[in-house]
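My questions all concern the structure below.
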Amino acid sequence: MQKKIRSQRFICLDIFLTLLTLSIMEYFYYGLRAVVLGCVCVAVSVAAELISLRLMKRKFTADDLTCVTDALIFALMLPAVFDMKIAAIACIFAVTAAKNLFGGRRNMMFSPAAAAYVFVLASWKNSVLMFTEPHVHTGVFEKAENLVSSVSHSFNVTGRMSVSDFELLMGNVPGAAGATSILLLAVAAAVLIFRRDISAGAFVGTITGTALLACFVPMGSSIGMSVKYTLSTNMVLFAAVYIVSDKRIAPKKNYYAFFYGLFVAVFSYILVLTTAKENAVIIASVIFTPVALGLRNLENRIETLRADEALKAAGSDDIPADQAEEAVADE
Amino acid sequence: MFLIAELVVLLTTNLILSQALGTSTLFIAAGSRKNLLWIAITITVFTTVGSAATYFIELLLPDQYNDFRLLLYTAAVGILYVLLLTVLYFADRAGFGTTRKYVHLSAFNCAVMGTLFSVSDRLSLHPTLNTMGSFMIAGAEAGTGFILAAFILTAAYRRLNSVSVPASFRGFPAMLVYLGIISMAVYALT
Amino acid sequence: MSKKNSVFDGLLGDNTVLSSLMVISPIIVCGDTVMNGIALVYAFSVITFLSVLIGSFVPKKLPYAVKIIIYALISSAVFIPTKMAAEEFFPDIIPRIGVYFMLVAVNSLITVRAEAFFYRMKRGRMIISLFFYILGFDVVMLTISLIREILAYSTVCGRVMDADILISGMAMPFGGFIILGVMCGIYRKFLSVFGSDDTRGDGGDENVSDS
């Protein structure tokens, strides 16, 4: 148990470090305003976590610092010039309504960051999908001017990309401040998968699903272009790393997690293709939460059956300790 | 591709996620898989056959008597209610004690009555869709939407009633917020 | 229910909406402004009170299904004059509420709770109890409408307030689901603190239907 708790804290720390690198990149492109936005999200999330845990009569422990990574994930999905008050409201919503109301980290239903983003998308669609150009540094309290739509939007609508591959790779394009740095995201994905911090199955499922559909039903003029751009726009890579592959939500076994990721990818790709819906993968990840929960229920049932069979075979009444722990955590 | 497009339509026009029709019935249905299946099937029967009845009511009822629609729809559902009970009684007398409760729960609720009104309001405006077949298909689609919403809730049912959920929010309140967040994502699709 | 029922239960201890989750669709979809709330309160109160009262004269010996159909037909008939009167008082609101105005007429307080609960009481006690059940719905409807109107439009009864940020989603059905869920939780906490614990972990009353 101790080992498990420690490993969960390391997961949180690893994810935090990768998010920090994305935030540094964000600072490089958008200046202090983007960093302050991230800090506001983190501060409000920690405060909301503290208050809601207090109301639930639970102690705030190091494990509850996952709210910091959730807040950073959410902040990185927003435009750097996004209204901080709205971001704060969304963070309160994520921590209280989408997480702690269901029992907090012991009983996760939704990715708090995804729920917060969808909340913002449903209420302030125009603000969340308009961005400043990279290298336009807006003051912390300044009102942003000359807002443009994201590179994902223009790709979804026209099927063409107006920026070079190098710029796309470096994230030097209009879009969500932290979700456009493809190179950094690829490195983060490799590190997190290598350290088993995210669900490899869900990640591979999401990427495979998007790539396969991009081949069979291309969005661009060629299959190569379609694969390249569908993976690098609409926050697909960012969501594949930090939202769909979130170990708290995705099915535990890679086999099931793969299919969960695949479903999310297929659904979101077709949504983008048919309706040009920007960042559909985030919406799809929330809609497919019941699928993840259903698959986890299935896993539990199989584990219970296996444990029963093992018990019968051993003729013992004791449940193996590791399986009992898993079942308690999931219940 | 077609299936995904249909799934999107089923979600965005879902009577529970977009109109909150039949939410309490859904909560009861999600309590057990057996209840869920039978209530969902019975509601689908009511919405499908009931939609056919509303087609004839819309066809025959003059516009100046529009206020009588509810009365006539209720009478149609009432007749269907009695017919279904009769069929179940003669089909399986031994199991009638169990099966009749699904009919009782499914007859007069928002899922059925709301579907009848929304189907007739939507289709009677389009001359090409104003046919009995279209009405029945729309009714069946609404029933399928109910089944989909029931599965969405069933997948999370145990977690929503888990001891980890604060006692005040365990059960109904958590279910409402859970459906609210799914409904929010569906709204964001449109 | 093991505890003794009081005629005032409908208002607090066994609230129509927050405890039994009856008649929640109109609250979730239409309860986004106080004016809509008032219109629905009017429709629900008049239709439910008259329908349950008239329905109490239906012979008890009839089969259950027949009685339920008769109750539904009575409320559908009561709906007609109620709607005519509403067109006089709330001419602008009726089209906005649309189909939910009619659905209020087949609510589960009339079709389910009346038979299982009200008609087992003496008529005088039934009328008082029914009044408080209706009042319970009215209070919740108006409270939720007020909260949602402030959050979504920053107005109260159409009068503009000075607010920086509008959460437009709160006027949408998902906002209704979330606000109602949170209110349900607060209500249960309130009950558990002040004695009458209602923190049930199950799906609730099996007899609950919905309207």
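Each chain carries a letter (A, B and C) given by its place in the written order, and its residues are counted from 1.
The rule is short, and it goes like this: contacts are C-beta pairs under 8 Å (C-beta built on N, C-alpha and C of every residue); 3 or more make two chains touch, one makes a residue touch a chain.
What you see is a predicted model, and the numbers here were worked out from it, not measured in a lab.
Chemist: Most remote chain relative to chain C, going by C-alpha centroids?
Modeler: Following the centroid criterion, the farthest chain would be A.
Chemist: Give me the ID of the chain with the smallest distance between its Cα centroid and the all-protein Cα centroid.
Modeler: Nearest to the common C-alpha centre lies chain B.
Chemist: Please work out which of A-C and A-B is bridged by more C-beta pairs in contact, and write that pair.
Modeler: A-B
Chemist: Using mean CA coordinates as chain centres, what's the chain B-chain C distance in Å?
Modeler: Here chain B and chain C have centroids separated by 20 Å.
Chemist: State, to the nearest whole Å, the distance from the C-alpha centre of chain A to the C-alpha centre of chain C.
Modeler: Taking the average C-alpha coordinate of chain A and of chain C, the gap between them is 39 Å.
Chemist: Centroid from C-alpha atoms only, then distance chain A to chain B, rounded to Å. What do you get?
Modeler: 33
Chemist: Residues of chain C that contact two or more other chains, please.
Modeler: 169, 172, 174, 178, 181-182, 185
Chemist: Specify, in ascending order, the residues of chain A that touch 2 or more different other chains.
Modeler: Within chain A, the residues that touch at least two other chains are 97, 101, 119, 122.
Chemist: Which residues does chain B have that touch at least 2 chains other than itself?
Modeler: 166, 169, 173-174, 177, 181, 184, 186-187, in rising order.
Chemist: Across the complex, what residues on chain C touch chain B?
Modeler: Contact set of chain C toward chain B: 21-22, 24-25, 28-29, 64-66, 68-69, 72-73, 76-77, 79-80, 83-84, 99, 102-103, 105-106, 108, 111, 169, 172-178, 180-182, 184-186, 188-189, 192, 199-204, 206, 208-211.
Chemist: What part of chain B is in contact with chain A in the complex they form?
Modeler: 1, 4-5, 7-8, 11, 151-153, 155-156, 158-160, 162-166, 169, 173-174, 177-178, 181-182, 184-189
Chemist: Which stretch or stretches of chain B touch chain C in the complex?
Modeler: My answer: residues 17-28, 30-31, 67-71, 73-75, 77-78, 81-82, 85, 103-105, 107-111, 113-114, 117-118, 121, 161, 166-177, 179-181, 183-184, 186-187.
Chemist: Mind pulling up the chain C residues that touch chain A in the complex?
Modeler: Contacts found on chain C: 164-165, 167-170, 172, 174, 178, 181-182, 185.
Chemist: Help me check something: in the complex, which residues belonging to chain A touch chain C?
Modeler: Touch list, chain A to chain C: 83, 85-86, 89, 97, 101, 119, 122-124.
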